[in-house]
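Per-chain numbering from 1; labels A, B, C, D, E and F assigned in written order.
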Amino acid sequence: MSGSRQRKSDRVGVYICHCGGNISDHVDVEKVRADVERIPGVAVARTNMFMCSDPGQELIIEDLRQGIVDRVVVASCAPSLHEATFRSAIARAGANPYIYEHANIREHVSWVLHGDKATAKAEKLVAAAVGKARLLEPLDPIHVEARRHVTVIGAGIAGMTAARLLADRGLEVVLIEKSPYLGGHAARLDRVAPTGERAADLVSELAEAVLEHAAVTVMTSTRLAGFDGYVGNYDLRVRPVLAGPAEDRNGYVPFHGVVGGNPPELTIKTGAVILATGFRSYRPRRGEYGYGDLAGVVTLPEFIRLFSAAERSGDCLVLDGRTIRSVAMIHCVGSRQIPGIHEEDGDGRLNEYCSRTCCSAVLHAACRIRELFAGTRVHDLYRDIRTYGRGQEELYERASKSGVLFHRFTAEAPPLVEPGDGGETGDFPLRLTVRDGLTFGEEVRMGVDLVVLATGMEAGDIDELVAMMKLPVGTDRFLQEVHPKLAPVETSVAGVFLAGTAQAPMTIGEACNGAAAAAVKAASLLGRGYVELDPFVADVDPALCRGTGDCLQACLADGALEMVEVETEEGAARQARVIAARCLGCGACVAVCPTGAIDLKGWSLKQYEAMVDMIVADIPDNA
Amino acid sequence: MTSGRTITCDALVVGGGIAGLQAALDLADQGFSVVIIESDLSIGGKMIRLSKVFPTLDCSSCITTPKMASAAHHDNITIFTWCELQSLERDNTTVTARVTARPRYVDEEKCIGCRKCEYACPVLVPDPEQGGFSGTKAIRIPFSNAIPQVAALDPEHCMLCGRCARACPTGAVDYLQQPRQFTVTARTAVLATGFEMTSPGDRPQYGNGTIANVITALQMERILAPHGPYNRVLRPMDGMEPDSIAFVQCAGSRDLSMGVPYCSRFCCMYAIKQAMLLSGALPLADIVIYYMDIRAFGKGYEQFYQTAKAMGIQFVKGKVARLQGLEGGTVAVHYEAQEGEGVSVDNHDLVVLSMGVVPHWSPEGICRVSTGADRFIRTVRPSLSPVRTDLEGVFVAGAASGPKDIVDTIAEAGAAAMAASNYLAAVRQQG
Amino acid sequence: MTVVSPEFAEELKEYGDDTALQCFNCGTCVAICPLVDDSFPRRLIRYVQIGARERILASGRDLWKCLHCGLCSRTCPRQADPGEIILGLKRYVLAAWREE
Amino acid sequence: MGEAQQPDQAVKEALKRLRQKRQERIREVAEQVKVQKAELKAIREQLAADGEGATPPRLAEGTGIEVSRVMWYLATLKRYGEVVEGAKDGGWFRYRLANNARQSGGEEQ
Amino acid sequence: MACRDVEGKILILATESCAYPGADSVGQAHSGYPANTYILRVRAPVMFPEHFYLDCFAKGISGIIVMSCGEECPWEGAYKALADRIDRVYRMMREQGLDIRRLRLTAICTVCNRAFLKEVNQMNEIVQELGPPRAQEAGAGDACAEDGAGQGNNQESP
Amino acid sequence: MFDPKIIIDLLAENVRRTGNPFGLSTGSINGWWKGADLPRQGANLLFTGMMYQMVPAINAATGLLGKYEDTPAGDRIRFGRRVPRFLSAAVLKMATAKEDRSAAAGVLMDITRILQASGVDFAYRPELDGYSGILLYDLGDRENFIAHARRVAGRLQEAGVERLITVDPHTTWALRELYPRYTGYRPEVRTYFELARLQGNGDREVTLHDPCFYGRYLELSQVPRTLLAGLGVRCADVNSAGPFTSCCGGPAESVSPALALTVGRRRLAELQATGRPLVTMCPICHANLRRAGADVMDLSALLVRFTRSGENSQKRAE
């Protein structure tokens, strides 16, 4: 693979996309085509309205089949969108998919520039891609044996669902849960909105299934302590979680005792990981709607717990011995926060997203109160009612019919919760004042015994896991998928998938769908017993390697490089060798090799140098 | 395709929209053989007809075409378009589908998609793929990125002049083509039959579809699409660049009086998306969204909504009660300004209706899966397995079981594929 | 500042159908009403919801602008039947006047 | 050729029967095409007359065809490459005939 | 919007997982920036040896922005190795008399639109001020050089 | 706008006293049948509900009230005791236009011709006919409505009437929906056009204005259209028709003639957009649209042309 060995292709095919006007409205695609065709090494340049369409791909396939081209450059949108598309088209033509280079003339050109400048820049980018393409070589994906084994982290609804589905599919599954319990947040619910199913039934059904399944190993009170390996062959070190606040500390822990010895560690050899680590319920700040300061202000999860032990006095609800004549439920607590209006948390963050599930949960609770305790009034204070799902709008209607009274507030003017003063609002312990959009923006006031805060979902406390597994996290702090539509449960770490509310707020049904979608990806990945990896790994040119060992020093992966004794024409010598499945393809070794013996397949230094050469060169122009 | 033949596969997927394609791909990637039957001329469903998609503003066609192409080229997937499902029955472990392939009047095997027939045809007809805003021909490739790229003739508008047949280089035009029957037997089926929009034609408050410059959201998608009818945003009535555009939310949903009491779920987001795209295309235009509740509930949706507000898009709370066509193509929007100002009438150059979402297909008389009061396919385990129908071995994905945005649809399609593959695995063990 | 008294809606049952709380305040009835101007009939329906009895009596006479044409009830998305609510309020107000 | 003769004849017969069967609809479509032809001709002539291009209202005025229909024809002609968009004129764009474009729809070639 | 374009070319080495999609995001937002920028997609900029940068200047590239993933780099340790290398390049640039402001190490995430535009516009101003790269250029190695060094950590969150 | 309480109390008092909101005796306004030789025995009883007969009085009252609404004098009237005197039967009777009275009689006569031509077995017994009380119900005076309705229903029940034919939407709705609910009397109620069976070739186009009660409450708007279609009469409808019909404004005349006129003019503009002759089927709509300036024809006048005796009535109409 050395420069000396390398033959430059002179049959590069260039295919330029109009993108239905997205590109061609700003870039003179025909001029690019004409100019590019004169670049040395370019055999043919063509254009199409949509290169990604079948007829577009057909152009490439035809040219390859006829032997007109042996390297392909497509100039179109961002490579993240269609690189895979064109590689597979090339494969269909019977060629090696890695003879392909992508020029991004939409996001980097036509969407940021106009006129001649756009055309000129597009030409340069295409030229650079041609420069690289001439040096591309056919590569073969790395074939890695994969364990037909999946580890699911988190035994809430999503984790148990994924575990059950994968075990049914014939894979071995380990289900790891930090707490001693299976069931996650669902276990803390009473009934599920809008279906009214008992959460306990759902949790029990799933728990039974995973506990009894021969192919599922359930490990509760267990956490991840180490993460190593690569797709198809991950090694997870797990460790039991001890009761008490200071599991790793030696010495006396007040009120707990002394931790005896180091907890044993276990290594799980697995093929893929599904993260079902769930969410954390938002804790209101002290004083937020009186929370923590005023008795009778509780969060929705706290209310659900109280309500499960509800008593009755006449027609009225009695909680904890207190007769509740009137309840106010406030939506969007800790969700839909707006910079400049809401206070940031300790880390300077705001939850700008909608927590999706609270509207239905509140309405469901409101309906239950009204339907069971006709004497208890319910006020619902909302910003927007978001009953989007099947059966949810009906729940909203049911709440109205059952006599729940709605008030609409804006983020700028949230309801004010104060202690009752026995005045106009009567002998209620709490008094609510809100500028009510439904009452023509006037202030209305009501006396209540209880305020329920519909607290939203926050990303779980999994910083350690995120750091250990190098997981991508979004601005909302939830785990981030690669693309919401193209790869909705995949992470940027191959073989690591997302399930349920670790990714975003979801209902139980949605979390189960997410878990099943993650399971199907894991099943597809591991089903064949092997995985094919991108061949973009380091490669040593034995003709140039002097065995300095600098590359080993620089290597960032454990065991991706080794020194071996080889026989050369000049006798025995030490040379570096790459263990492909371990190589991460970062190229740290490339920079340090004094002889340029090691390079990255598919992304070689020489290719970059060729690209720079094309960028600084003049493009022949007949205009 | 010969008449009456039987195709055997592991899984039948009914519907080749994004839900069906994703379910088929997730099944096929596990090694199962899949047959997709699609009622339209092309796979891709509603999604391929959209401009860009929220909240990423990716071009819809850029996301859909790779999935269409990979399904079309997948070794384990066979696709039949322009088909009608006559019956879908299940007994023991076999699902049997009787299918009618409707005539295209063009031989699928012979057509090379060159469009010569289309150029030759003298009959102009409103193009449904462009919201009716431009003409197409009585014989044509349905749209530029359709799969398959095969022409189809519309017999309602054909005068049998023979020009297309003469122009066709491969002799593919066949005016005498007849419907053909075939049977698909499978072990399991996924229903991914998608949704349809209600029509403004039976909404007297909105002019029964007769007011100029009142269009539906799907028509607006075409106007905004990169290869739309005008390649820019113009009023369909007279080609004027609109200065003021209104979106009417819940124009057919959350409304018992219109027969759709449920929320259509994705209209808020597409209206915001279209508003953003419009404000990009027409920076000086006033854009107003009339709404009851903004339902930006998905990942990144609320932020998308706030961005739209920050861009200057106006959000007016109030359900539009009435539209009125005025002189010169202006449309008057009647609503109640909620802060107590009472009735307001605002004039706009163009009004976009967010119509209700209803099922595209009814299983009645075709398949024994039951539907809910909302006429979408009923799911029997809405929490633990939202893809299960009451017919064993038959699963449902996407908008067939209720309105769903693309993100939720894709996740659910994966879930349906997982459920179907586990069902297949179980059936195999038994068999 | 109005103090909400939800029991008023229940008192009204005596005078007509109990549908006022079904209204989700979309404003369709206001904009469709041939009487135009102001927020009629939603304003009065909202007053029923929050129990603003005094205000209803104060603007009682406006109720008789309603022709009972039924367009609001036909187009009400929640089938809250605004026309009937107004009719019920006419009865309530008339009774109150006659009591005076 | 000789072998193809027989089925060819059968096809002709079948087509004849089909024409018979669809007679009514064919007549209606032919009627529409005639109208389209006339309207397209009027629009083309008006476009040719307005060298700088014409806006849809101007074309509607000049041809007597309803403006929404003019717009529909323009979108169609643009799609088939016969008309191109020109400069903006008030709230509208001007449209003009493309050079050397082939005519589409309503016209024989 | 785009500031005045200059002759000099700016090379941007953008990481595949962060900065390159970040640049895509700028495009999606249709935020304009000068045309003289050439964004190369790299897996990790740690692969480029010192001489690569110097060669680029020699070939006529006026400015280079290394847009890494910063501390969030998927390769543990790569960022430090890169930062160390860039420091060595700065030394070598000084030795050659090149203004070290021509090379800049920064971190851009996938949604860092503003940060991306700021970097590009700043480099453009520098390149405009300095003109084509040449050895022993005025101002090289003096106080303002300090300004460019060690700026690897100005990652901006969106 | 006049004080509703004063008006309602006046109307209630009139109804209680005379069975009629205007205090006019049935005998004094219900003379149309005299000399028509209508059968007194039959399977269906024609029940006019007095609405058509009241139109002359309504027109007179509205005219008088309209002069004083929102004027300083009106202000006095609104709160003064003069209103009852003002609306007294004598004044009204004097102000009643003669042509109005004969027009009302004509409509009812036409309806009997239509019924006869359709072969409907019907009877008319003036002593059983009467006002339904609907205005009291619409104005919110439920008690007085119920009291009156029970009297009317009692009379009909006593006479053993089980099947009624009605001629206007308000009475139809009152008898179909309100009487069963408030009086327990559940007759079979059908409008005359539901029973009409006519033949003919009209070949013309008209625009129907659906009254709120037929279009929306009773959902009967398809019935006259089907009937007319069978007679070769096409309907050029406006958008606001059938269940979405716009109010003519008529019902407001008792409290605000000005409002009634505003609403009526707006509706008329909608209807006139079709450029076709306007047809109504409700005396209130008819009167109010005429007041708004329209040339309107009652459905019965259109239908009667397709009866054997239609020729005569057509002549008369001209």
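Details
As a convention for this text, a contact is a pair of C-beta atoms (placed from the backbone, for glycine too) under 8 Å apart; a residue touches a chain by one contact, two chains touch by 3 or more.
Please read all numbers here as calculations on a predicted model, not as lab measurements.
Counting only chains that touch, the fewest steps needed to get from subunit C to subunit D is 2.
Geometrically, the chain at the heart of the complex, using CA-atom means, is B.
On a Cα centroid basis, the chain most remote from subunit B in this structure is F.
Among the other chains, F has the CA centre that is most remote from the centre of subunit E. Annotation: A-E is the more contact-rich of the chain pairs A-E and B-C, by number of C-beta pairs in contact. Subunit B and subunit D, compared by their mean Cα positions, are separated by 29 Å.
One inter-chain figure worth recording: subunit B and subunit F are separated by 50 Å, centre to centre, where each centre is the mean of the chain's CA atoms. In this assembly, the C-alpha centroid of subunit A lies 69 Å from the C-alpha centroid of subunit F. Contacts with at least two other chains are made by residues 385, 397, 438, 440, 442, 475 of subunit A.
Among the residues of subunit C, those touching two or more other chains are numbered 24-25, 39, 43, 74-75, 78. Across the assembly, subunit E contributes residues 28, 30 that each touch 2 or more other chains. Only residues 78-80, 104, 106-108, 111-113, 117-118, 120-121, 124-125, 128, 470, 475, 492, 536, 554, 556, 584-588, 590-593, 600, 603, 605, 608-609, 611-613, 615-616 of subunit A touch subunit E when the two sit together in their complex. Residues 24-33, 36-40, 42-43, 74-79 of subunit C are the ones touching subunit B in the complex. Within the complex, the subunit B residues that touch subunit F are 204-205, 207-208, 210. Per the touch definition, subunit F reaches subunit B in the complex via residues 239-242, 244. In the complex of the two chains, the subunit A residues touching subunit C come out as 377, 379, 385, 396-397, 400-401, 403-406, 408, 424-425, 433, 436, 438-440, 442-447.
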